[in-house]
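These are the structures, in structure tokens.
Two complexes follow with chain A in common, the first pairing it with chain B and the second with chain C.
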Partner chain A sequence: MKMPLSALIGLVLTGLFLFVAIFAQFLAPYPIDSAVGGVWESPSSTYLLGTDTIGRDILSRLIYGAQVTIFVAAASSILAFSLGAILGFVAATKGGWVDQVLSRLVDLVMAIPSLIIALVVLSVLPLNLTVLILVMGVLDATRVFRLSRAVAVDITVMDYVEAARLRGEGGGWIIFREILPNALSPLVAEFGLRFIFAVLFISTLSFLGLGIQPPLTDWGGMVKENKDALVYGKSAALMPAMAIAALAISVNLVADWILSRTTSLKGGRGA
Partner chain B sequence: MPEPLLDIRNLRIEATSYPPGEPPRHVVLVDDVSVSVEKGKVLGLIGESGAGKSTIGLSAMAYGRGGVRLTGGQILLNGRDIREAPVGALRNLRGKEVTYVAQSAAAAFNPARKLMEQVIETSLAHGVMPKAEAEARARSLFAQLGLPNPDTFGDRYPHQVSGGQLQRAMTAMALCPKPDLVIFDEPTTALDVTTQIDVLAAIKRAIHETGVAALYITHDLAVVAQVADDILVLRHGKKVEYGSTDHIINRPEQTYTQALVSVRSIDHVEKTAAKPVLTVSNVTARYRGTHFDVLKNVSVDVAPGQTLAIVGESGSGKSTLARAITGLLPPTSGRITFAGRDLSRDLAGRTKDDLRELQMIYQMADVAMNPRQTVGTIIGRPLEFYFGLKGEEKRKRIQELLDQIEMGKGYENRYPAELSGGQKQRVCIARALAAKPKLIICDEVTSALDPLVADGILKLLLELQAQQQVAYLFITHDLATVKAIADKIAVMYKGEVRRYGSKTDVLTPPFDDYTDLLLSSVPEMRLGWLEEVLAHRKMESAGN
Partner chain C sequence: MHPVLKLVAQRIALGLLLLLAVSAVIFLGVEALPGDTAQAILGQSATPQALANLREKMGLDQPAMVRYFHWLGGILTGDLGKALTNGQDIAQAIGQRLGNTLFLAACAGAISVPLAILLGLVAARYNGRWPDKLISGITLSTISLPEFVAAYFVIYLLTQLIPIFNPVAMVFPGMGFWEKLHAVALPVIVLVLVVLAHMMRMTRAAILNVMQSAYIETAELKGLSPMQVIWRHAFPNAIAPIVSVVVLNLAYLVVGVVVVEVVFGYNALGQFLVDHVAKRDLPVVQAVGVIFAGVYISLNILADVIAIVANPRLRHPR
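Entry: the complex of A and B
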């Protein structure tokens, strides 16, 4: 099948972001945390994207920030999906009180805006990467739970699942071999979306000061540091904001393409 | 010879299909088909699924379903070619000169509106007649179609009437604007035989009395033989044979037509048997949270190498009996003994051997196989799960099973979507056989298949039974199938077994009322059968 242009662009950009994130240490022209120039210098050949509020090179900080932002978002999304999908499938296959307890618990968490829960929890717990990833992952898992339960409920009533039950198969086989392959395409598409929401979420938290702590930095934190530059017509705050937008769009382009591809797979839902 | 009302000449219909993972393909759905219908006559279009019969039917309205293009030939309605007619003209024609009766009336009616509003809707939309006249006409049509309380029938909502009545209401809807031509697309296929005969008679009478021309589309030759004047037999979008009903039924020329006419001619000698492998005694069951027994005191048994057929119309409890035996619906009372041991009521309490020796084959092979697993995985899993087979040993056994279902090499790596309907059902049979079962429950295994394919499946099942002495519990509503394969029959009605015994006993008079009704409702492949049955029933009811 021919790859559409949009998917190609998305793939190239996503690949570029990943490459930068992985090899940040080698790519960044200046260290992350030393003031190398004047305050808010305009882009020049020395400082490609200018300098920030205390004279650090913005390009270098963007590159290091990519590493942190993408790592935290990816880790929390993976956690959210493992937790949410498995619990969602269990709720759908077991039904009865298991389903009730899990679903009501999820309702409870979802009833409170996740940003508020996150702020409350993070202001109590020690602020480090592990806690941040855990909190984001668990909060996002509720959304994944909803989706995977809804998808799995449709699949559990199919005759082939009944056939597996009549064969005497255990829950593991039914969840991972009968249901998961048929639920994969909506989940993959959702992963793309959730990853982006995670990027936005960690950026929001950092902007509010409860996310990534110095000396590390991420894109949301950089927006916060440089937001005053906007008043003076400097581009410093726009750079990390544009990076967030570009990452969001490119990952979404890839997710769209995967969705259209997997649904037309042999006998898939869309076929 | 009078001018034909509808004259289709050298019709060619094409479409573009988009197979997954491959470049789009150009397909010819209908190729060089010519038919004509005169006023007051009925043309039957017959063929298996994918033969193009519905496509031709819809082309009489110059309509093609999504992506379908009418690319060649002429469609003359009352002498003018409607194939190239502008959309405005077609809009005026559809629902006024040509009307359509769909297969599933339940899906075709708007559940939120009363029947009368929907029946007269097209007549009003086309300005054929004023509202009062349309309502009067609808009421007279209701009476003609034998609907109860024709004066008030239209005040009901679709969910308040039965499936057969709804199908007749749709026929009334089609006849209301006084069309020249009505297209019936499998109007009785979704109905039980006992209902089908009433609807069939009603449609036939209505066609006769209103004098419209009709296209009658079906896959059941015995049904079309009762209503059609001429029959066109189609296969793969091409004409196989076209002639009068008498000609097609009594003197078919093409081998394909001959096969269709003689289908279900399997000779099956009834076997008497020894000790039963499965005994169901006094089983009563209800669904959780309800207070209504869906099975009442059911007792049946079946011996190794024997076939017990459970017959009855939809809602009679046949499939529920299967669920009770498999443990999916634990019975509230009664006993099930299998292979000499008492079976636990629910699935969780059964041993691996209980599960292995009792296999099930489903009606819809499409959803009975995981679309993401290959044929090899589907058949291989029971081998691995029950017998611990691995690697080369497993592969060899899979091939053996594929040979048994006459599919040969090269199928292990295919996905279900890459198989035909008959092949899918064969793979399901292989999956059941892989467990080396003592009993296989076959739940309507042939009802979703075309008649010739279904015949092949039945022959295969009988062959396998002779080889392996496996018992079948065969659930079906199709009495022709029952005659072909059963050794014992249980007739079910409203959750009870009405009649039970060896095939000859059950099918030999005297019958109880229900069995009589059921047996006499099965369409026979000859002309005039419908009239005979109706006349017979009338006489009997007059005698009582």
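Entry: the complex of A and C
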């Protein structure tokens, strides 16, 4: 199967971002938190992307920011998927009151915009990485729950699930050995979309000053730190903004491709 | 009773129940988390005695359910309590800002809805050809940007490269309508960009869906021009899905407004909320949170009601 150009570009860029995030410590030319130059210096051969509000190298901070942004987004998406998919499968296989309670609970959380819930919760909880990942993961799990329940409901009526039940397999076997392998492809495509959503969400929270706290930094926080530069015509705030946009678009391209592949595999008409 | 009325009444009743449940989540959910208001005021180093005294003074020693119903009663009668940080009356502070938020959202809605429908119609008319591809390509790239990133691109473009606007949107009580409109131009452009893509894509999809019906073929065969086919035959039948996606996006607008207000330093409800989250002023956050959630849920109910009313199969039961 030939890969479309857009997916290839997306894949290469996503890989590049991951590489930068993993090896940030070796790639960054300057330390994350030391003022090495003047305030808002323009890009030069010493500071490839210029310097920020207090003279820190923007490229280095972007690289360290990639690590934090991608780590938090990935951790919260993984949490969202483990929690959402398992509860979704349980709701679909058990049915009855378990399904009712879980589904209504998810309806309730999804009826409130996630940003509003997150703000209310974060006004009480301490702001640290663990709390942020937990809050984002649990909020996002509701979306995964909806999808995985819908997918699993279709699978539970299949003959092979019935056969497994009649053999006397337990709930764990049915969920992990019968449903999970068959529900995997739509979930993988969804993972890409949830990951982007998590990147945008953590960036937005940090931009509002309620996400990653110093001395750590992420892209949303960098936009916030450098926003005044725009008024003076400096592009410092645009660099992290562009990084967020580039990551979001490249993961989107990959997810789109996986999505169209899985629908064509299933004989669906495709979008 | 007419079946449509019954459906609508059911939907509204369900919505009110949902609002009640949401208020419980916002109040009791926060109660369940570690730390409380007294702790927030006195800080981590407070002595247990001082904490207990303050809790008693604020009524925090009462069970959570009692305080919830007290709080709920307050909301229903317009008494939202006092802010922790400055003792200001919350209802009054919100009242001043809610108008600004609604003004911003209304401006964005008034521009984005007709524009999205028009672009959707054009894209459907030229389905698969260059105008469709151009419109779809541009909207696809704006859909994957968070509000604040879109905002800074717009600011850079319209205040630095082509300097026609001010990067800060200040609105004062005494300003005239046109002055206000000019002041909010930039935030409105950003909000329009953010919601336009989704609305336009759904309009296009709804029309293309209808275009496969037999009566469209009839209309084409009797010699109507493509735009006439869309306008006279496809659009009326696609109204229900279009209206519901429009209303859903207006609901989204109410949330997107939070971030955009912070970007432009626009003194309204969203900025107020974010400030008080940072100050850990729980009563204010809960009150504003309930208002945002309430507006969001009401618009969602409205979308459902419109979808029910616009469905001719329900309007004329057999």
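Going forward, the second predicted complex is superposed on the first by the 258 of 271 C-alpha atoms of A that agree within 3 Å, B and C clash if a C-alpha of one lies under 4 Å from a C-alpha of the other, contacts with A are read in each partner's own complex, and residues count from 1 in each chain.
By our rule, a residue touches a chain if its C-beta (ideal position, glycine included) is under 8 Å from a C-beta of that chain, and two chains touch if they have at least 3 such contacts.
Fair warning: this is a prediction, and the values are worked out from it, not measured in the lab.
Asker: With both complexes overlaid on chain A, does A:Leu230 touch chain B (first), chain C (second), both or neither?
Answerer: second
Asker: Using the superposition on chain A described above, determine whether A:Asn182 touches chain B (first), chain C (second), both, or neither.
Answerer: It touches chain B, and chain C stays clear.
Asker: Contacts for A:Arg167 in the overlay, against chain B (first) and chain C (second): which applies, first, second, both or neither?
Answerer: A:Arg167 sits against chain B, while chain C stays out of touch.
Asker: Quick check for you: in the superposed arrangement, does A:Val120 touch first (chain B), second (chain C), both or neither?
Answerer: A:Val120 contacts chain C only, not chain B.
Asker: Of the partners chain B and chain C, which touch A:Leu208 in the superposed model: first, second, both, neither?
Answerer: second
Asker: Which partner, once the models are overlaid, touches more of chain A's residues, chain C or chain B?
Answerer: More residues of chain A are touched by C.
Asker: Looking at the overlay, does A:Met158 come into contact with chain B only (first), chain C only (second), both, or neither?
Answerer: The answer is first: A:Met158 touches chain B but not chain C.
Asker: Which of the residues in chain A end up touching chain B in this complex?
Answerer: Against chain B, the touching part of chain A is residues 1, 158-160, 162-163, 165-169, 177-178, 181-182, 264-268, 271.
Asker: Contact residues on chain C for chain A in the complex?
Answerer: Residue list for chain C touching chain A: 18, 21-22, 25-26, 29-30, 33-36, 40, 141, 144-149, 152-153, 155-156, 159-160, 167, 252, 254-255, 258-259, 262-263, 273-274, 276-278, 280-282, 285-286, 289, 292-293, 296-297, 300.
Asker: Write out the stretch or stretches of chain A touching chain C in their complex.
Answerer: The touching residues are 108-109, 111-113, 115-117, 119-126, 196, 200, 203-204, 207-210, 220, 223, 227, 230-231, 233, 235, 237-238, 241, 244-245, 248-249, 252.
Asker: Chain A touches which residues of chain B in the complex?
Answerer: Residues 20-21, 326-328, 347, 350, 352, 355-356, 358-360, 362, 364, 367-373, 381-382, 385, 415-418, 431, 435.
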